[in-house]
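The following pair of complexes shares a single chain, subunit A, combined with subunit B in the former and subunit C in the latter.
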Partner chain A sequence: MRDVAVVSFSYSTIAKEQMRNEVEMLAPVITEAIDASGIARSDIGFTCSGSFDYLQGGPFSFVMGLDAVGAWPPIRESHVEMDGAWALYEAWIAIQTGEVDSALVYGFGKASQGNVHEIMSLQLDPYYVAPLWPSMVDLAALQARAYLDSSGLSERDLAEVVAQAMRSARDTPQAIRSGEPSIEELLAAPYVASPLRDADIFPTTDGVAAIVLAAGDLARSVNKRPAWIRGLDHRIEPHSLGARDLTRSESTALAAKHAGVASGPIDVAEVHAQFSHEVLILSEALGVDPSIVNPSGGPLAANGIMSAGLVRIGEVAQRIMDGTANRGVAHATSGPALQQNLVCVLEGE
Partner chain B sequence: MSKNAVAVVGVGQTHHRSSRKDVSMAGLVREAAVEALEDAGMTWSDIDAVVVGKAPDMFEGVAMPELYLADALGAVGKPMLRVHTAGSVGGSTAIVAAKLVQAGVHERVLTVAYEKQSESNATWGLSVPMPFSPPLVAGAGGYFAPMIRAYMTRSGAPRESGHLVAVKDRLNAVRNPRAHLHMPEITLKMVEESWLLWDPLRYLDTCPSSDGAMAMVLGSEKVAAAAPNPVAWVHGMAMRSEPTMFARRDQINPQAGKDCAADVYRQAGISDPRRDLDCAEIYVPFSWYEPMWLENLGFCAEGDGWKLTAEGATAFDGDIPWNPSGGVLSSNPIGASGMIRFGEVAQQVRGAAGGHQVELKTGKALGHAYGGGSQFFAMWVVGAKKPE
Partner chain C sequence: MTEPLVARHSLEYPGGYTRSVGDVVGRYLTGLRDGRIEGARLADGRVLVPPTEYDPLTSAAVSVDDFVEVGPAGTVVTWSWVANPRAEKHALDRPFAFALIRPDGADTSMLHMVDVATPEEMSTGMRVIPHWRSDRIGGVSDIEAWRPYKDGDPIPEVPPLPFSENMGDSVTGIVTSGRLDYEIAAGESTTRFLLGLAEGKIIGGKAVGSDDVYAASRGTDPTTGAPTSISVDVSDTGVITTFCIVNIPGLSDLAPEIPYVSAQVLLDGADNTFFGLIRGCSVDEVRMGMRVKAKWLDQLTTDHGSIEWWEPTGEPDAEYTDYKDYL
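So, the complex of A and B:
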């Protein structure tokens, strides 16, 4: 396999973007990532993005998104209807074929344009489950309850997860939520769907993110300390919630095994946990201590739909590039109650 | 770094119909996938990864339906990707799947593309009014008709040029039992007298709306050596995209299409596509796109595409048959249409195309897909012999 590294990362988030469309949100972030990469826009070999038509409420959200790239002369380009983390996977594959040495990856979505909790219901089995309209929060609550029952943990433990995320998020400029809430304060809030309270649930976020990847010598020539991708794998589980053990994330554990998470010490982990209990389930699946998880605050602080998974990779890569971490793991998820999961191991030289 | 060789070792497709009420979405994709696995001499457990493609999720009203299809496609415990690149998606999906093998990451990849258009109305699904944008409310035909009129002005093509393609592709479809439309009685007069939809496009100049799926199993050199049936080797594949809002775009003869063709021909060692290929399956959703793409893909000089059609060069018994399967004009499950092009040329070079098999001379064929407003292109050249 070729050595491939993250050489730059940029992202932005806002609770509700009312002035700019997706292209206008993307353009500065893509430009910032390209400028920081040290690779000329015209030299980037491949471009891949992740977005979701149902957020925009129209077909082909990626078509206009491409106008933020400057695709002239025409470029090698592709798109996945998945989080940008999977666009990064496709770009990594393109570099692995040897056809290109660099790639621009981006993810974007304006979740505030609709009710994202309900929109995600349209991901469910269209014949037997979607007609019941369970929201993604309802399904997460079922999972959280199953997890608490099986683990012997309590809602107080979930509040601890939230409090840690909010404290960590104070240093993250992109955080929509941050602070120093007390456990009592958190537990005093009403349920949205028992056992989950508002702070246990990601804040609706409009967000965009961009990463530039480069192979081998190119990465070394443009970046003093590239964040090398040492392992990258993703796995999917059965769709039906009844066919899964909701208290564990088997596909995360499987992807972690294939990505080689356990073959070295992990300094930092960023997981795409959109609900507090998922931080604990994912930490167990990855085999990392929850205390090193989501130093950015994670998706409980800001969760740009379709970019938040890519942001996890970027947050780990950024800490490696700036020398504050040496080896880390990033995680992205898709589908109801952690159905599909991607794991990326990053390391400095 | 040299790429690993990739071969199509199994192909399967559904019977395409206006409404496949006999199957669910999962049943539809499974029908194509099972046939491809059987052709490859494999079972579900042999597959390393699954790559799914389809056009906008709004066509069926299921968001990211690959999540729900994971079980039906045997993807549980495996990597599963979902590609969406507009109308070119069927081709792009096959390319992404092939790259997984080319990169050496997987040995056996199942790729499936589908659309079950009877779940909604695709024409209006393409034209949802968006805030702050002038409502198009035109469907694809309304969007492309002005491009076609511009092509007529540029090339001086007579009005019957498109109708000739409409007749040719429907007669080809009669040879293909999987095709949606079977119209052995079609004549030029019938096309000319069909309803005018968007000038110059008449009803019979347009593609149908179909339910259907296409599947392929792609394998490494080692897998190809063990395949029970002849394989189709990938000789070249390429994708190109250009911006939507850009004044220098030529939507009649797009630069992205020219660049994509040049790239795929270079990889496959094609210097004259008309001479070096045995046939082509090209994404022609409206009849006039045959002459337009003949020029864009370098089968003739600019302005001469309609002449090739009129001379019969692209007919089933012509020197370069285009769309011997009947093409998109005869079957159009949008998300699958590109992969049907890619899979049909694989069947041709394998000698497995049945009633619409063309004569093999060079043993190479071109599969093509385009999407959006002609910004997105995906192409591959497959061959009977392993590339040198």
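So, the complex of A and C:
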């Protein structure tokens, strides 16, 4: 295996971007990531993006996104119809092949242009589930109740998760939500889909994120302290919700095992928990204490659809690059109720 | 900066989206149409409801020979309350619960709705029974919703279907519908371009330090990714770089009568080509290098439709070397 590291990271979020289109949101973030990487744009070996056409209701939105990259002379490029974290996985594989030594990875999406909770229903089983039109929040609520029933925890425990996320988010410039809500205040709010309240659910977010990866000596030559990817794995569970154990995340636990999460101490964890109960389910699956999870506030503070998973990797990498952490784990998810999960272990030298 | 434009559009498949369902799903849906819930018995003895073509744990094939009847009563495994049903999406027009329900005799659960008036009537572990529609067609909505059930109470009758000649046939397909509405923000550059069209102008952009001008820029120079922050007026005359003669009728409601010509036009003062229809001459006369000019609509709008088509100017053709880099 080749040593591959994150050498730069940039992202931006906004609740509802009405001034700029996707290309105009992406261009400055991609430029910032490339400039910070120390690698010339023309020297980047591979480009891979993650986006979701149904967010704008038109096909091939990733082709338009390329306008922000600069694709002339022609570049090596690929795309996943998933969060940018899976684009990073593909880029990491591309570097492993030895064909390239660096990669630009980005994810983008404007969730505010439609009803994102319903748009995500288009990924469901079209025969048995999609015709009933459960939203992604309805399905998350089924998992939340199953988890609370089985764990003996209560809605108060979910409120504690929200309060911690909001306090942590106060130091995150990209946070859409942050503050110091009291538990009583949180529990007094009405349900959106019981047992979930508005604060238990990610805020609708338009967001873009970019990461530059580099291999071995190139990474060392451009960055004083690259964030090395020590393990990267993703696993998926059956799509049928009733055939899964919703009270735990077996796919996260298995990916964590193969990524080597437990083979060293973890200083920081960023998980792609779009709902409060997912912070607890994912912490258990990763084997980390919830108190070190999501120092950025996580997706409860800002959740750019198709970039928030990549942001988790970036948030951990940034803390390693700036020396505030030595070893951390990042998680990204895809599909309803944590169906598919990616785990990335990062470490300083 | 002018207020950016926002376009409203909808994504919908007129008449619905038609899917073939195959043997296993078809057998299950046929059961629902006939008022029966079935599952598939897997190799290890578990009963999978709803059945899929393959065992979700082992991927062993599932056959219609493995089908067993389950229910009709079942148990709520987990649930969430929908206080505000969404019109045109949900089958019920009143608050209800989404629930995973495990029918008696099954080892897995199915997503469906429970029809009670208040969330206080819902609980994990509660017993429920299907309330069947009388107009069943072979789909998950043949069960209108599940209702609370007390063990020992009589099982409600399944309303018979009205007679039809193909009532014994197996279900082979479903049609699903749905509509999503969007508000797409054009962004700064596209807004500038579209507002220009409303004034009969074609506006492009170029990046600092570059001479390349892009008509209808999306905000960047696509070769470098640099922002096209400098606004440039582009001519409404240009050269046909390439074209095709369309002989396929009915490609879209907006398409003219066949045969017609679609072309790429390199605008004077721009470094990218622009799509347009060519009219004002016979299709046989259209050629690469032909000089054309925009025919503007009388009532201009902030829409590509402001340019109705492009027509020949009568000027001498451009040399191939002048446009060969834009093919």
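Convention: the second predicted complex is superposed on the first by the 349 of 349 C-alpha atoms of A that agree within 3 Å, B and C clash if a C-alpha of one lies under 4 Å from a C-alpha of the other, contacts with A are read in each partner's own complex, and residues count from 1 in each chain.
Here is the rule we go by: a contact is a pair of C-beta atoms (placed from the backbone, for glycine too) under 8 Å apart; a residue touches a chain by one contact, two chains touch by 3 or more.
Everything numeric in this text was worked out from a predicted model, so none of it was measured.
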Have a look at subunit B and subunit C on subunit A after the superposition and call it: clash or fit. clash
Between subunit B and subunit C, whom does A:70 touch in the aligned arrangement: first, second, both, or neither? both
Output check: A:94 vs subunit B and subunit C. Expected answer is one of first, second, both, neither. What do you get? first
Contacts for A:18 in the overlay, against subunit B (first) and subunit C (second): which applies, first, second, both or neither? second
Would you sort A:240 into first (subunit B), second (subunit C), both or neither based on which partner it touches? both
One more residue to check, A:62. First (subunit B), second (subunit C), both or neither? first
Give one of first, second, both or neither to describe whether A:311 is in contact with subunit B, with subunit C, with both, or with none. neither
Looking at the overlay, what does A:126 touch: subunit B (first), subunit C (second), both, or neither? both
On the A-aligned overlay, A:271 touches which partner chain: subunit B = first, subunit C = second, or both, or neither? neither
Mind working out whether A:218 is in touch with subunit B, subunit C, both or neither, as first, second, both or neither? neither
Of the residues on subunit A, which ones does subunit B touch that subunit C also touches? 21, 54, 56-57, 64, 66-67, 69-72, 119, 122, 126-127, 130, 238-240, 243
Counting only contacts in the complex, subunit A reaches subunit C at residues 17-24, 27-28, 30-31, 41, 54, 56-57, 64, 66-72, 110, 113-115, 118-119, 122, 126-134, 138-139, 141-146, 149, 191, 193-196, 238-243, 246
Please output the residues of subunit C touching subunit A within their complex, sorted ascending. 1, 4, 6, 9-11, 17, 19, 21, 25, 29, 48-50, 52, 56-57, 77-83, 86, 89-91, 98-100, 102, 108-113, 119, 124, 139-141, 174, 176, 178, 180-190, 218-227
Which residues of subunit A touch subunit B in their complex? 1-2, 21, 47, 52-54, 56-60, 62-64, 66-67, 69-82, 86, 89-90, 93-94, 96-99, 119-120, 122-127, 130, 233-240, 243, 251, 254, 334-336, 339-340
Okay, in this complex, where on subunit B does subunit A touch? 1-3, 24-25, 55-58, 60-65, 67-71, 75-86, 92, 95-96, 99-100, 102-105, 125-126, 128, 130, 132, 238-246, 248, 254-256, 259-260, 372, 375-376
